[in-house]
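Two complexes, one shared chain (chain A), two partners (chain B, chain C).
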Partner chain A sequence: MMFTLSQIIFLLETLIFLAAVFMHLVHKNSSLISLYRVQSFIVCIFIFGSAIVTSSALLMFVGILIFGVKVIVAPYFFTKLIKAYHVKSTSSTYLNGPTTLLVVAVLTGLAHSHYFQPLTTLVGENPDGLLLSLAAILISIFLLINRKGILSQMVGILSLENAIVSFAFLSELEATPNMQIGIIFDLLVWIIIVYIFAGMIHEKFGTLDSTVMNNLKEE
Partner chain B sequence: MTIIIWTIQLALVPILSPLFLGVLRKIKARFQNRVGANIFQPYRNLWKLFHKDEVMSEDASWIFRIAPYLIFTITIILGASIPLFSTWLSNNLLSDFLAVVYLVALSTFFLALAGIDVGSAFGGFGSSREMTLAALTEGGFIFSFLALSFLAHSTNLFFIASAVSVLPLFSFTPIVLVFISFVIIMLCETAHFPFDNPATHLELTMVHEAMILEYSGKRLALIEWAAANKFLIFLALGANMFFPWGLTAQTDAWSVVSALGIFVVKVLILTTFVAILESSIAKFRFFRLYDLLFTAFILSAMAILLIL
Partner chain C sequence: MALLIIFGIILISILLSSLVKKRSQALGRVAIVASIIELLATLFVFNQVFKNGVYALSSYFLVDYFGIIVMLIIAVIGLVASWYSVGYLEVEMARGFIGYSRVKQFFILLHFFILAMFFAVVTTSPILMWISIEATTLSTAFLISFYSKPSAIEAAWKYLIINSLGLLIGFLGTLLFFHPAIGNPHNGFLTWGWATANVSKFDPHIIRLAFIFILIGYGTKVGLVPMHTWLPDAHSKAPVPISSLLSGVLLNIAFLAILRFKVITDLVVGAAYSQGLLIFLGLISVLVPAFIIFTQKNYKRLLAYSSIEHMGVVALGFGFGGAGAFAAILHMLYHSLTKSLLFLASGNIFLKYGSTKIKNVANVLKTLPGTGILFFIGFLAITGMPPFGIFLTEVSIMVAGIKSYFWVVAVAVLALALIFAGFLRHIAAMMFGGPEKEISLGEVNKNALAPIILLAVILLVLSFYLPNNLKSIITLASLAY
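Here is the complex of A and B:
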């Protein structure tokens, strides 16, 4: 069986989508981070592939930067956070398990509905892949909304960013390499800030659960 | 040649099933730093049980007496009705996925009846647990094959296997989702972790073992053999419905032998996967199993959404 390039890209997009879905199913923060690492690694493959096709050394450099920040630095900080504040489990959600899955299924259906079909005109070869990346965007936003734990919400934001990058890649709306360097620098700064901010929240409230933060001011 | 191939199809599941159970136990033992029993130990166990006398409760009715024969026969019929190594052995009556799902349900039903028949407390709670799980499993099981049948435009398992083998990679997103769902269903139906622990007789955890606690001798041998058959049937369904490469459409000896070899390798890989899974996860609390089964159902529903 011979696989074409667009089929391989579609398969990788499927893995990004599945990682976003499984982020809702896992109960351990370490599993959540592993899924984010897989997602980020696939995004790196997209960038490296694009760099090879366009023979761009700058894009290759961007790929290495993304690999460093998303696959190594971000998971490192999150793992440190888990160890420092003993937040191994992240099972608390606003909706229960079955309802969460129902919403995920509805979001997937919505991404494939006629409302978003016009988006497929952006891309000639891989329309299903584009709709999958759209589904991954919606599912990541839902992770952000549904989880009570701050760490899950952080991973949700980063998963959303990964899904947006894959959407841009598939719709051939990628930013210029210089712009991508700027974005990855922003991301690095964001990761450092949320790491420090999470530490401060834990110091103040003794937990990383966002539901206990009812009173942000001292009384 | 056709008669020989049909004979192989009919006999393959009951002959090989204890072997794969032995392989599973061996791999699990190695994971626990034990040497473990020989992979042929399940055959010896069956031999031993077939030569033992039976003890039967005086309260046992005809259901208790007949259930092992019925359950074993159902697994033999199931084994002959699904694609094992060939795509041309299809029959319209029993190779339909609904027939397969409901034959599995029928064997579960009789096993549960046999469990409560003698009136022991263990049999009662085992049957109760089994039927609770079976009710939740059935939907996911049907939906997982329904997704494949939408892809193949047929409900016949042999046609589905042929159609899936020529699908482009673009069609594999729903198949991946359905496979994950099927694995969850398989673990539940075959009484493996995280649903059941086949190696324990603890009152708090056992499901399948509780129902067959009153059996002994030949009938116990048949029940154990039927359980091994069911495990191999599910492995074969997993290997041939989702990865249907290697099935032969030819009737010559070389094609059949190579297809049989590929079948054994695929099933061995799946057995190893189940053994690794069983060795790396703990048994779930009973009330957490609903979520897992609902996950299987939703994953299949998502796959159908993607296909439609």
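Here is the complex of A and C:
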């Protein structure tokens, strides 16, 4: 049985969505990073696929850059953080497990609601995939809000970026390869900066849990 | 050529600053000379825009009427902030709070910050604008955490995460604005001009959604309520020259991004849609800080909340449209000058009293006579007292909206009155309150006073006399809104 390209893309998009959902459920930071790596790898597959279809060497180069930054560099930095500061488990969440899942379900429903239906006109095929990527966007934003850990917040931002890239790919709204190089450079700088900040936070607060940062409240 | 000079001189300054060894004065001189050249080049561009309507380096780098006003703000405040930094950091170094490497880091990041702001204004590509606004976040994160105190690191982290989240939402909105170009292999280089010329191809439903994403995304950077939570922390924890740039300049650049998209949105779905959203966000951005300002305990945070309020006033101006838009642009200009003046003067107060808490500061007019008078002038100007320009712009904005949005104007005026009362309460305590501890009289550093005097002179002159060319550029810029 052969799968159509559209089905394969939908399957990959589903994996991005599921990775975003599981990011809410895992208790180990290493699992969180693995899920981000999976998400990023799928985004790279999208870019490589697009490069092959359009026979664009520059896009292939962009794909390699994205692979380097998202699949290798970012997880490397995060793993270093885990080892250096012994933060094996993810910090707790503001909402408990069942409530978190309920919110995830609501956000998925919201992405499929009539509010976002106009977006499906962007794609001829795979409107469901597009709405799944939108759900992944909302769920990634929720990860940022719900998790108390610095590392989870970092992964949340990067997962959001992955979800937006997949949304852009499905709707054919990707920026040109030149622009994507600029964006990936920005992202690389961002990763390095937050990595340094994580070190500074640990040095000053002795933990990577964002709830201990309450110096500003006292003023 | 002038734009190349601006970019070139900043890059050279970064290079020179990184090569300088153990001479903090040289770092300051490089920054001041670079800022003067940037200002001169900007004035040249201003003249060209006045004569020809636009100034273009290529089709991807172009300065229009609104662009040159924001460029002028960057250049003027950039020069004053660089000049002030020399004296301010000198004192901080002499007291042993920072070392040479910190000063070097400060100036290099300051150059990057200014470069990113200029780039954001002159690019015609929405994606490049997004990249450069994101670059302003990245270049300023370490400036906010400059003192490495736990509270400064916390503020910088909050700034990084909330702004990154906001800007990613803005990025999604930006991509959605490209939807008519699906299948166009050059869609990443689409310009504002292309979008305006192709409005018939835009889907109104998608544009409505996209504009909301833009408003949330760039609105976070502007500090509009409810996306403002990072702003008081970041602006109050940064060294004052950076606070003056963050409050006085960067907010306008993010607002410019919103307005660029507003033009397209208005052409596709009609002006009422974006105006309604801007009025809503503008009103709550004036209202919420009004209560917080009244009960504020920290004078730098007071100024930061005032920035949120003034961005709210600007949003109301663009929301009301017509004469309101003209007044809103002028308000941006006056606010930039006044808020930078206030932040820099607050830096002198901090250097003298060693605290940003209002209760620890008293009798400033006696202790720091020069700074005290300037701070008091800034207070009168920022709260919209005549004869300062903000009085005129706030009245014009309210008049523009009173017919169609009476209750909005009524609530906004009440909030502005509350803000005046709140400011008066705090400023009176700081300026005239009795001394709680012995503080030596006199300014801390002359270099930290002269730039503020320059700002005050510019503010006073522009409050009484708006040059015809500037007035006509603002008028032409406001026609699109």
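Note that the second predicted complex is superposed on the first by the 214 of 219 C-alpha atoms of A that agree within 3 Å, B and C clash if a C-alpha of one lies under 4 Å from a C-alpha of the other, contacts with A are read in each partner's own complex, and residues count from 1 in each chain.
Heads up, the rule we're going with is that a contact is a pair of C-beta atoms (placed from the backbone, for glycine too) under 8 Å apart; a residue touches a chain by one contact, two chains touch by 3 or more.
These numbers come from a predicted model, not from an experiment.
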In the overlay, answer first, second, both or neither for which of chain B and chain C A:38 touches. neither
Tell me the contact category for A:132 with respect to chain B and chain C: first, second, both or neither. first
Of the partners chain B and chain C, which touch A:105 in the superposed model: first, second, both, neither? first
Is A:26 contacted by the first partner chain B, the second partner chain C, both or neither? neither
Using the superposition described at the top, determine whether chain B or chain C touches more residues of chain A. C
Classify the contacts of A:58 with the two partner chains as first (chain B alone), second (chain C alone), both, or neither. neither
Of the two partner chains, chain B (first) and chain C (second), which one does A:201 touch, if any: first, second, both, or neither? second
According to the stated criteria, A:73 is in contact with first (chain B), second (chain C), both, or neither; which is it? neither
Looking at the overlay, does A:182 come into contact with chain B only (first), chain C only (second), both, or neither? second
Across the two complexes, what residues of chain A are contacted by chain B and by chain C? none
Could you pull out which chain A residues touch chain B in their complex? 1, 3, 7-8, 10-11, 14, 17-18, 21, 25, 97-98, 101-102, 104-105, 108-109, 112, 128, 132
Chain C partner contacts - residues on chain A that touch it in the complex: 54, 115-116, 118-119, 121-122, 137, 141, 144, 150, 153, 157, 160-161, 164, 167-168, 171-180, 182-183, 186, 189-190, 193-194, 197, 200-201, 204-205, 210, 213-216, 219
Note which residues of chain C are touching chain A in the complex, please. 125, 127-128, 131, 134-135, 138, 141-142, 145, 148-151, 153-158, 160-161, 164-165, 168-169, 171-172, 175-176, 178-179, 182-183, 185-189, 203, 205-206, 208-209, 233, 236, 297-298, 301, 357
Residue numbers of chain B touching chain A in their complex, please. 168-170, 172-173, 176-177, 245, 290-291, 294-295, 298-299, 301-302, 305-306
